[in-house]
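Labels run A, B, C and D following the written order; every chain starts at residue 1.
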Amino acid sequence: MLLKTLREEVLEANLELVRRGLVLYTFGNASGIDRREGLVAIKPSGVPYEELTAEQIVISDLTGKIVDGTLRPSSDLATHLELYKHFSSIGGVAHTHSEFATAWAQAETPIPCFGTTHADSFHGPIPVTERLSPPEIAGDYEQETGAAICRTFAKLDPNAIPAVLVAGHAPFCWGANAAEAAHHAVILEYVARLACHTLSINTESRPLARELHDKHFLRKHGRNAYYGQVKTQ
Amino acid sequence: MLLKTLREEVLEANLELVRRGLVLYTFGNASGIDRREGLVAIKPSGVPYEELTAEQIVISDLTGKIVDGTLRPSSDLATHLELYKHFSSIGGVAHTHSEFATAWAQAETPIPCFGTTHADSFHGPIPVTERLSPPEIAGDYEQETGAAICRTFAKLDPNAIPAVLVAGHAPFCWGANAAEAAHHAVILEYVARLACHTLSINTESRPLARELHDKHFLRKHGRNAYYGQVKTQ
Amino acid sequence: MLLKTLREEVLEANLELVRRGLVLYTFGNASGIDRREGLVAIKPSGVPYEELTAEQIVISDLTGKIVDGTLRPSSDLATHLELYKHFSSIGGVAHTHSEFATAWAQAETPIPCFGTTHADSFHGPIPVTERLSPPEIAGDYEQETGAAICRTFAKLDPNAIPAVLVAGHAPFCWGANAAEAAHHAVILEYVARLACHTLSINTESRPLARELHDKHFLRKHGRNAYYGQVKTQ
Amino acid sequence: MLLKTLREEVLEANLELVRRGLVLYTFGNASGIDRREGLVAIKPSGVPYEELTAEQIVISDLTGKIVDGTLRPSSDLATHLELYKHFSSIGGVAHTHSEFATAWAQAETPIPCFGTTHADSFHGPIPVTERLSPPEIAGDYEQETGAAICRTFAKLDPNAIPAVLVAGHAPFCWGANAAEAAHHAVILEYVARLACHTLSINTESRPLARELHDKHFLRKHGRNAYYGQVKTQ
């Protein structure tokens, strides 16, 4: 993939987060990876979205070394890199402080799968990381955040649940590319909103039965999916 | 009715759901029926609303056989057909995952009639279906969803309560045509929102007295209605 | 006042309710009175706001007889008339089903004065009417609604608290003219929203001290008001 | 600084509050100070934002004497002056009745630091003032409000926590200039919203660990900050 194309995709994913109302000021960032070259494109730190251009997107290698671009990368770069290194199938990462997903992260409560809107995109509850320890916070904090996410997925499939809540912080989402990562961030926020209202209406609300959860996820994903139009080349 | 007209009505009802903020991405669909011909027009599956055209609306017969159109129909077609077959007076169906109505469906709690806004359009609480059994989920899932709705209305009049909450899923609404079904979906969402806040303010809130519920519904519906302007030909 | 002017003022107040997001479809109405002539101008029933013109505003006398206009008046006309007859100082009435004020009406709970935003406009809690009895509902329902409001104000000053919640229905507001009535409807909705969140944060929240309540109301109203600019002719 | 420049900055900060949805009607005001001249520029009282011009911004000295401008200043001027006199490092003040921050003020509950969104901008919980006593309310009320804020910060650093909730009233924020004060008002509202939802999801939610709170605040503030781009002259 050309770096120019990657940068444009990453710019577009960042702008999509803003258009969908998931980002206040500069509180969010999306990135994408060119797996062949081992290069990651990410939003620069603290640059207002309305001024952001594709040229300003920073290019880093997987060790965090900046290989192209004149601005500082997002301060969360090391978290993104940790995800790219451990989740080998993903091509994009999106991080927001969106209203309801962040509230669940602050409440340190996994989002139960209360309905098919959730099951259509996430094949299980949205997990919450452990809190970081004082040494992890004092050390390479952003990398440790990524490591905490990866530990949370030790027994989970990141392709089946492409989102996590970082305890006391906010969500990270991922996908096949930056656009899909942003798409998951949008759906996660909606699912988080629905789940908050669901508990407000009935504190005893029960998660979906496993069979229905599977049915909806597999209606949209995998070999037997039948939602949407047949994709042809 | 000309198929072209039916398609345009169904397109318009689908777009109305989007304009009213009831639909995220492609999470919703509206359909309409030509009773004389036994043909149903429905949104194609997974097509973005901003690109949707009347020509793309899919035409099916009541058995689910596609008789016109090149795209796959909404994956919920079988649910719509079940409603058309059992509720003989309806001419349109609208399905959304709108925020508060979906939360009530996820909470598996009927929406009580707390006020005249509700009573003006729905002559009773909005019922919730039973959960589907594992064999129903494994079988013809979308048709079983429709069958569960019809069982819920075994002792209810679908013309007096033109909406239902499918447990763990979301609402379905209906009406004399696709436009009225969409109209009911908009009002249902507002009623769901009001009822959620009502409980939040006072968990002991009481439903409307039967007399007032009847008064408001009959002020707008039936022979003695006196709301709005006299309809003349 | 010319009828034309009154109609334009009433049209404008109705449109303001829509612009402020207080009205879904046609669920609301505003009116104004010419006290000298004893004529009331009110929105016609069920006419979409986007098509509403000043000419369509209906003119009624205080007995409910239509003296000018070709459309049916709002079905709530008799409630407005009751208020004009009993609250001699008011010149306008606005009725909405706005989201949070309606929720408080449905919860049959007076809105406590939790803060200065409330105290700036309403000199006391927003009261709730009694429920109507079955004979009142079966009788002249809309007039009885007005009568219930007036009974609620038997020991309250309608100029100091220009709003009420009709139990199980929605708010009515009033003011010196239709514009001020609409203005009070907007503030009431905001106050209702604040109060709902306040209870959600702290169920033990205490009303404002009487001294502060008085201070804020009197900062804006009456002879010693010092908020805003000095009005000169 | 030229008075003209100060007025334009203060106008812009006031308009930013409106653009961000923090202000209903005229319920809010922002000011800025020229420390060299000891002059404060503040919004006039009760003037609609859509008509507000830089020339209308009122200039006062620190005793509250109007030294330039033909309109009355905001009725909250004395509160602003009290803050400028006691918090020597601040250059701007913003006051709103924004929805969720006001709800916390009405609930008389400090906003706990539940997450990094809060910690990024506020180095501790957002404190609430004591209620004013009847003599304080009857006396120079607006100045006493400022004095109550200053007492609340007796053992707090106003530069590390640039916001307060006035009990039963609403928030005041401050910063290096009027623009930063408005910026803090926007973030405070978002933090208040997140915290309200957090408690709604889990009433047992725990504040952030001190180490993480420090880490995030110091990532953005002080000598070792590494968020954003390097500021060069």
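Here, a residue touches a chain if its C-beta (ideal position, glycine included) is under 8 Å from a C-beta of that chain, and two chains touch if they have at least 3 such contacts.
The shown structure was predicted, so the numbers you read here are calculated from the model rather than taken from an experiment.
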Third chains touching both chain B and chain A: none
For chain B placed onto chain C, the superposition rotation in degrees, Cα atoms, nearest 5: 90
Numbering shared by both copies at the chain D-chain A contact, with half separating same from different: different
Greatest separation from chain C - chain, by CA centre: A
Intercentroid distance (Cα basis), chain D paired with chain C, Å: 33
Between chain D and chain B, distance of the C-alpha-averaged centres to the nearest whole Å: 47
Residues of chain B engaged with two or more neighbouring chains: 199-200
Pairs of chains found to touch, sorted by chain label: A-B, A-D, B-C, C-D
Chain C-touching residues of chain D, taken from the complex the two chains share: 24-25, 27, 44-47, 71-72, 75, 97, 99-100, 102-109, 131-132, 134, 137-138, 141, 168-170, 196, 199-200
Residue numbers on chain D that touch chain A, as the complex places them: 114-117, 120, 183, 186-187, 190, 193-195, 197-202, 205-206, 208-209, 211-212, 215, 219, 226-230
